[in-house]
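The structure's right below; bear with me while I get my questions together.
Order of writing sets the chain letters: A, B, C and D. Residues in each chain are counted from 1.
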Amino acid sequence: MKAAVVVFPGSNCDADTLYVLKNLLGIDARYVWHGENCLHENTDLVVLPGGFSHGDYLRTGAMAARAPIMTAVRNHAAYGKPVLGICNGFQILLEAGLLPGAMLPNTSTQFRCEWVHIRVESLETPFSSTCRPEQVLRLPIAHGEGNYVIDHDGLSELQDQERIVYRYTTAEGIDSPDANPNGSMDNIAGICSSDRNVVGMMPHPERASEESLGSQDGLTIWESVLDGMGD
Amino acid sequence: MGISPGWDGRLTNNSEHSLPTDAELREVALTRDEYKRATDLLGRQPNQIELGIIGGMWSEHCGYKHSRPLLKRLPGDGDQVLIGAGEENAGAVDIGDGLAIVMKIESHNHPSAVEPFQGAATGVGGILRDIFTMGARPIALLDSLRFGPLDDQRGRYLANGIVGGVAWYGNCMGIPTVGGEVSINKCYRGNPLVNAMCVGIIEHEKLTSATAKGSGNQLILVGADTGRDGIHGATFASVDDPEASHRGVVQVGNPFMEKLLLEACLEALQTNTVVGLQDLGATGLTSSSVESAGRGGGGVAIQVDKIARRADGMSPYELMLSESQERMLVVAKRGDVSKLQSVFSRWGLHSDVIGEVISTPNLEVLDGDIHVASIPIDMLVNAPTYSFPVERPRYLDETSSFSKDLIPDVVDPTATFLKMLASPNIASRQPIYQQYDHMVGTNTIIAPGGDAALLRVKGTEKAIAVATDGNGRTTFLEPFVGGASAVAEAARNISCTGAVPIALTNCLNFGSPEQPTAYYQLSQAIDGMAAASTALGTPVISGNVSLYNESDGESIWPTPIVGALGILNNLEKRCQIGFACSGDEIAVLGAGTPELDGSEYLSVIHDVVAGIPKLVLSDELALQRLVRELISAQLLASAHDCADGGLAIALAESAFAGGVGVRAESLHTKHRIDEMLFGESQSRIVVSYSSGAGPAVAAAAATAGVPFFQLGNVGGDRLLIGPIDVALTDAESDWTNGLRLALAGNA
Amino acid sequence: MTCKLYKARIVIQLNEGVNDPQGLTVRDSLHELGFAQVRNVRIGKMITVEVAATNTDEARGFVTAMCSDLLANPVIESFEIETLELVSEEVETSP
Amino acid sequence: MTCKLYKARIVIQLNEGVNDPQGLTVRDSLHELGFAQVRNVRIGKMITVEVAATNTDEARGFVTAMCSDLLANPVIESFEIETLELVSEEVETSP
């Protein structure tokens, strides 16, 4: 399997993501520069990592979403191949229109870095297929704008098509308002495209893939995609 | 570009000057005597640009004119020291495996008092540049903060702004902020302290020097365009229009550009075309070019007309002294400039060749073909130094005659305990550090909230521990002990993770050195730091000095801050602060009678700042060795330094971290209850261990000659500490919300 | 007591000469998107505030005070109350 | 070819109905500061752009395109070009 980690100016979880893919999972993972026009040949997986692309100026993800590489990412997605946007990567996918909705500042209007729990709501994506139904994962978040919004019809569509992939919950798996760290609608922590191959999520699975970092729950997300590739 | 062939060290238009007025000298922060000295050294009168340059280089910030003689007292040698204090932008120590840690702490107090968010942000930006200037990749930030009371609007504005600024810059850069400290007292009301520390990692052979050498090598300025940011007192800067007053503007940081600079500089260093790398900090291009030339032994010629600028009509004076952020000076091998520039432009950074290294040991400044300044490097890098008379402050007579007999003992220990837990100096720091990305980089093994942060070193079995510490109140009451205990506490925090403290950095935040009493505090605190550093075997490899911290004529408490680095050879043999298992035994290791002197308890509960804090360095050393030995033998389940708030607070913190109660109800004392619960003697660590390990722990303590008192057990859902009896969750909620509510103005 | 409701539009901008990293980054991005015509971009805030007051002068007084006390940071920014208009003749006095 | 320099003021605001966390936070802070009169606060952006163009229509065309291509996110925001004025009769064409 071949994975591409896209590097935008201001990406800062690119190295962490590559480390997990390459060093922990043994995947042939490489960086791709935002200014490139194409991905490496035979790329299976594209990951848009976290960070502050273009300083998060104007709107998070806005400028990165218009980078040359995004045309290739769009094509990759159109072929039904998996694309994962983590944190800023999720914001970029929204700005690029690859996922519906938009991100607003957290209701606290502060950056929050802490451990949260998310419940896996759909197993029908490349990034959740090996999870147990309603499995609760413990992952870190680190963002100032994770307050997901979408209009009423859009939300119904996400709900009806079971495209909400992860919701913030308590450790016991209850999606109460207290468990929501940023005010996002319907406790949404991650969603997928209508073709289900493009997933955006705010929590950082790459920060929870080793026991010494406090959790290995992120591995299930990576293992899902490996499993889907038949690797 | 080349320097105009005609220059010969003689200045254009340098004929008739009148003597500068007192006001003009004040603008450049020079005394009349210093002006005379400059004239003598130059052999002529300096012109206005030169005066600005000399004033900048001879300022306390660049020249350490008031502190240099004192700093010499700090021990700087050690087997592991690769780059010591004063040599480069930051110090470096060997951590084995061919790796080095580069570190430094720096203040940004005054800018933060003016504009808290940007002041703090640019403080973080500055210390990051000091680290990657050395070629190292920054891996951690720490911030040591001092605020005024949060019960007034301005205090909250400053505190929230400062925290927000630290968060913004570090988060955007993707460098985890893994530690630091926050303390609140009214002495910091008008003059908050913002000290930022950065730690970087690098392979030894890649350490880069900030040296400009090799005549003909070229100077590239890369990064932000130059504006009028942070220029002070440029009222007579414009040669054309001496009346024009181009006041400097507050610096606004751009962490995004700094991130690009970081990546671009580290990539540029791989190309083997870089002779030296130097960030632009205080006095901008002036100090960066002069100091680089000073290290190289030659000179530099700067062509100011080549500098890209953000504002119209900037004078050479402004261009030389602008403190615009996010700029680096790269000394490139002649002929390799275009290779480097292509790296920078790939990262979207603008760069220009603005000068070159010359063999004459001078700073030559040219504006087109006008030669506007010519000053020997030697005189610029050797600021005059001063020592001042010292005088023991009179308040010490009063504070040292404190007697605890004047204070009634606690009546309701549980209520007092809860009040202590909720007080902003003791309550959980999470409302602050949850705004900092402390996990990016995926090295953070022990996150903020413990004693020291622990970061693994990928590719090895090692980890490094980092912590900052300092206690203004202790230093106010007994400056020598304040300096020494800052070192002891920082090192103790490191030891509590199992790591061995190996090096220190420090930031000296004091009042005006011209006040004999403040100079006494500075001198004593440095002596204390020196004594403790020597005793604990931790050389001081870098630091920074911030003087004149005062507002409305009142000086801050003298506040030396120490940043410590430790190394843990086997990451698996680490320890943390949380109680782990019901049934484990709890004990306190270390010194005897806890004392109320200078304690948080006296201040919070009785509004008294008095007493004589004490520290016995031999006890401290024995204690730290013991705790590391116990951790290394894997006998301990937890270890937590007993600091602000004393034993009761330390026990509570370990209980909160572990999510389990404490049964130490049989704890009693022959002395006062408040002393036992809240007294703060140095050199104590609360540990827990399985009951099976008890005899071994006791025996090791006996062998080490360290006092050992068993306190009780881990377990239950209450905190039972002597007479204190409260549900764990109730206590925890007071502790969790104390600072949160205070910062939100709801305390 | 009844009050009227006013709506103010306040523009807050960085002072001349103050670095505007956001504006610079957006400018560069516009260039990359092919908008070579762009020379300069500055980004400020447009704040709309509704306040209850008995008359226009009082409303203006409130808004000015809010700007100096919180909305603008005088060290780097300046504010301007662009418009102040009556939106409703009667409102409850308690928020 | 010589061009003229135009300056546009663009206001970008969150659409009606979209939650404005910053506006709410500012409103709460204003209340806390004693500005009980404040009912509602919304925070938008005021972007000033200088563009080179041969005439006003062309300039307006550029600015509109920039807004739709980057400056505003149609999912949550709307933009308005408030003013467009000539600042200088002649500019270099290359940025």
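As a working rule, a residue touches a chain if its C-beta (ideal position, glycine included) is under 8 Å from a C-beta of that chain, and two chains touch if they have at least 3 such contacts.
Everything numeric here is computed off the predicted structure, so don't read it as measured data.
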Centroid-based (C-alpha) most distant chain relative to chain B: D
Between chain D and chain A, distance of the C-alpha-averaged centres to the nearest whole Å: 30
Centroid spacing, where centroids are CA-atom means, of chain B and chain D in whole angstrom: 40
Centroid distance [mean C-alpha coordinates] between chain C and chain A, Å: 35
Multi-chain contact sites of chain A, meaning residues that touch two or more partners: 54-55, 57-58, 63, 66
Interface hub residues of chain B, defined as touching at least two other chains: 254, 256-257, 348
Contacts with 2+ other chains: residues of chain C: 21, 25-26, 29, 33, 43
Chain-level touch network, classified as line, ring, star, complete or other: other
In the complex, chain C residues that touch chain D: 3, 5, 11-13, 23, 26, 29-31, 33, 35-53, 62, 65-66, 69-71, 91, 94-95
Residue ranges of chain C touching chain A (in the complex, touch as defined): 21-22, 25-26, 29, 32-33, 43
Complex contact set, residues of chain D against chain A: 18-22, 24-25, 69-71, 73, 75-76
Of all residues in chain A, those that touch chain D in their complex: 58-59, 62-63, 66, 94-95, 100-102, 104-109, 147, 149, 183
Parts of chain A lying in touch with chain C, wherever the complex brings them together: 54-55, 57-58, 63, 66
